[in-house]
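Letters A, B and C mark the chains in the order given here, with residues in each chain numbered from 1 onward.
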Amino acid sequence: MTPASIVHGRPAASRQAGGSQGGGFRYVVRAEWIKFRSVRGWVIGMIVAALLTLLLGVFLAGNANIGCGATLSGRACLPKIPIGADGEAVTDTFYFVRQPLAGNGSLTVRVTSLATRISAGGQAGPVGQGPRNPLANMYKGTVPWAKAGIIITASTRQGSAYAAIMVTGSHGVRMQYDYVHDAAGLAGEISSAAPRWLRLTRNGDVISGYDSADGKHWDLVGTATLAGLPGTVQAGPFATSPIYNELQPFFGGEHIQGGPSQATAVMDDITRHGHWLASKWTGDNIGGHGNSPGTGVGYFRQSRGAVTVSGSGNIAPLVPGPGSFYPTATIERPLSVIFIGLIAVVVVAAMFVTAEYRRGLIRVTFAATPNRGRVLAAKAVVVASAAFVAGLVASVITVPIGISRARNQGQFVLPVPLLTEVRVLLGTAALVAVAAILAVAVGAILRRSAAAVTTVIVLIVLPFLLSVAVLPTAAADWVLRLTPAAGLAIEQSIPNYPQVGSVAGPAGGAYPLTPWAGFGVLCLYAVVALALAAVLLRRRDA
Amino acid sequence: MTQALPGERPGPTRQAGDRPVPEPAGRRALPHPALTVSRDALRAEWLKLRTVSSSAWLLAGVVALTLGVGAAVMAANRCPAGTTCQVDTVKLSLTGIQAGQVVVAVLAVLAVTSEYSTGMIRTTLTAMPRRGMLLAAKSLLIAVLVLAAAVVAVGASMLAGWLILPDHGFTAARGFTGLSLADGPVLRATTGSVLYLGLIALLSLGIGTLVRDSAVAIGTALGLLYLFPVVEAFVSNPVWQRRLERYSPMAGLNIQATTGLKGLAIGPWAGLGVLAIWTAVALLAGGLVMALRDA
Amino acid sequence: MEPTIEVAGLRKRFGSAVALDGMSFTVQPGQVTGFVGPNGAGKSTTMRVILGLDAPDEGRALVCGRRYASLPQPMRYLGSMLDAGALQPSRSARNHLRWLACSQGLPASRVTEVIQQAGLQDVARRKAGGFSLGMRQRLGIAGAMLGDPEILMLDEPFNGLDPEGIVWMRGFLRSLARHGRAVLVSSHLMSELEDTADHLVVVGRGKVVADTSVAALLAAAAGGRVTLRTAAVPEAVTVLDLAGTTITPSGPDTLTISGLPAERVVTLLSENAVPFSEVSAQRVTLEQAYLELTRDVVEFRAEPAQEVAQ
């Protein structure tokens, strides 16, 4: 008899009701829910999970301060950080050699050299701690994302809409626009023997970028549609070079060496088409004030039709990690301690199954509901729901507190779209829930709490720890693609931009897989484990 | 069972036994000295441990996981010619300890909690009612077993490092520490790693005694071990980073460092000392709970 | 040192529930002491306190005049079986006994002996987890006998035994007592102890209700009642009423009379020519005596069976 018959007191009728799919399952879920909430330790375990995450998260948010220090006025040392077209924080610092262009037109240059210099060993010093004479003590070196080329921008204000085609330190010719978009052109390093011709044409809101290896055969690299581009734009050569970071394999934590860098490019063969409003080039150190992510020094020289332009900084989205120059924080940073909550949830979830085996309760359970798959599903639903609530409570409280604490301590919290924020909050809860399902399934497979708890913790936590601490980046990326730890990507709020060359790594909030793909990996593990558990439950004697 | 009732056969006192025959209580003179009993307890615990097959599997697991993960990490690390790598080859060879310690923790926790989960603890305490002594016997035994497994695991890992690392660019010619035990720091790192696993075992045993439930104890032990490095990975405040590194149980792993000692938040032996303090606290708390709480 | 168990003034609460409420008794050598009482009367808790598994809030329990925990190799003094399932299921029966023997400094030969005695030789190498309840009881007894102790303490040893096993267990307990050992056996069924125990400690609600020999208990409980079966009930009542007895009808033609021995009843009825078909002195079973004693102290009393209304 199903519980239905007791409730309705009509055995004959309810037997049919119990046999139908939906109603029967609902009662099994309710039965499992009563089992769950009537063991005080399990409920406490879930509360502990939420509390631990919350407390540690808030602690973490309050102690993530690296740069500005807690000043009375809060973020006194942070300059106004420009915001790009899609609301994302950006770095927009470069040396701009410009002329106004009215209406449609085009600009063509030949780049004959790109030289980069790196500050000598100095850490990318936070504000106020940079070297006094930035260009002194710099040495020659390759900066992969040093950029020099031509750019069309709506204005010289930081954060303006733009499109640019450029040569780079080691990523060939690129067409980039509005900070986050990037397309590859001709590969290879440039030199006087192998120069590159670059061309930008404006046609209304559409800007097209072309490159050529000989000045005769041109290839379209990309087109950018910049909606609302004003009639008169600023156009001309530019150069910039980001904070240089070198990730060195250093044991016991990643060791990042770096500092500001400076790119100097020589361009000639400058051809203008269209209605150019000035006859002379004007040099501007865009964003190159004291608190800039670079040397703050830039210049240009003209001689015999050639322009030498030298600049430092970047035109790119602002990402977390050492390359950001400013003390930045992501909204999900305080949630990274979800690991600890996860361990508590995994313990409870595994015990929810294994405790029945230890005490023989499982036989009573199967006598009450002979459909074993249904029992497993009900257990998964109940534990996952409880875990989801615990995770949601933790994330919804932790994130806003974390954001405000980070701001108070002089950090710049990278803005994200509302939908992303919702994804981070709900995703964290879902992450905990799916981990709980995985634990239920592993518990049903192994039937021993010790084995189940260990397996799930090792599957989720150990790969992450090894990735952060001991594995080289390439290997760490694979570990975070293939193990359930990939699911933590659901918390990443700032996407990975290959054109930024971030070395943040998972500890800095950058996972190799996109949030949903990573979460999918974890779900896949849970589904496979659940299926295996269902098969084993049917086959094995209880 | 019906043929010879125990009460009807001559008691062991009247038998010529090969070992000291048990005297019925009424005729007992003095109690055995504590030392003898302790040896009995050790032997009993040893028998218990080796008659459950999971112990052997777990010990083998310590070696396998340490070596497996260590070798995999070593295989993944390379230092191509012409680049500079600040890699401590000894520490790299012993990376597997971080995985192996999981199994050590499980083994040590289960040594206590499996008795509670089956109810056997009541039989055990009936046989050995001196709880402090029982915990001491268990601790000693687990420590010795884990140390033995750790010697094998560390030895195998060093051998793997010796085989793998030179091919990956980590040669002595380029200034990397050779993996010779004659070298003082190398010897410190290897013996220290063995001791580290022993201490992790005792820490977990203490937690198991404190908590009594396998799942909760394993969760607590692994949580305690991993909490600090995970938080440390995310904390960017150097002051807190240093604090977390100094006071975490895994600070004991600093014993593996052979180069860059100045950069460490805590010295090799001091780090192991921190772990020893954690272990002592856990064991003490466990012992106290065991003594005071009803079985 | 006398092989005795002395329990004096034990008190213990679990939260708000009082488990032991001044439990005191002594177990003497040379006899089987039955430790009886309804479920939840505190029998197992008392035994756990005796073994030092639980600490009492008040009072003390001594084995051979000492705390159990202070005895070196205590299983040579007191063998016990509280819960036959208290073992790790993955270990074989033999290995279970081996570690127990080790812990008491006993030679391995003792293990072989008790395995023989308990009749476990065929299954000794099998995992104890697969044993039936009866087999586990035997294993538990074997463990208790390992140290050849002068005192045996068994909690519900008849549970799960088949009739043959019950007979064996009775003989076993009797033989232990005959050889001068002190035996404490708990049970919630008096009938199990009927032919086994010499002495009874009846408990209820955490304290001793009666501490008496079996013979004395039976005598006290019978109270000299006589059953009379007669076709002439009114006449019999008249005659017996005059003799100052208490009469209770116990059936259409039967009466229970107390206050007069059976012989006097027969004489009276004969003298007054009241016909009767049977006069018999009532024999009280130990069970009835026990129920009488524990009527007021049963903690979990079942409601009288009712028919379930459809």
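Couple of notes before you dig in:
Basically, a residue touches a chain if its C-beta (ideal position, glycine included) is under 8 Å from a C-beta of that chain, and two chains touch if they have at least 3 such contacts.
No experiment lies behind these values; they were computed from the predicted model shown.
Arrangement of the chains shown, judged by which pairs touch: a linear chain-to-chain path with two open ends. If each chain is reduced to the average of its C-alpha atoms, the one that sits nearest the average of all protein C-alpha atoms is B. Averaged Cα coordinates give subunit A a centre that lies 72 Å from the centre of subunit C.
Subunit A and subunit B, compared by their mean Cα positions, are separated by 38 Å.
One inter-chain figure worth recording: subunit B and subunit C are separated by 47 Å, centre to centre, where each centre is the mean of the chain's CA atoms.
Within subunit B, contacts with two or more other chains are made by residues 114.
Across the complex, subunit C is touched by residues 1-2, 4-9, 11-13, 17-26, 28, 31-32, 34, 36-37, 40-41, 43-48, 51-54, 114-115, 118-131, 292, 294-295 of subunit B. Of all residues in subunit A, only 41, 45, 56, 60, 63-66, 248-253, 255, 333, 336-337, 339-340, 343-344, 346-347, 350-351, 354, 358, 448-450, 452-454, 457-458, 461-462, 464-466, 468-472, 474-475, 507 touch subunit B in the complex they form. Considering their complex, residues 1-3, 48, 51-55, 64, 68-69, 71-78, 80, 82-83, 85-92, 95-96, 98-107, 109-110, 114, 116-119, 138, 143, 145, 147-151, 168, 171-172, 175-179, 181 of subunit C touch subunit B. Looking at the complex, you find that subunit B touches subunit A at residues 69, 73, 76-79, 84-88, 91-92, 95, 98-99, 102, 106, 109-110, 113-114, 117, 213-216, 218-219, 222-223, 226-227, 229-231, 233-240, 257, 264.
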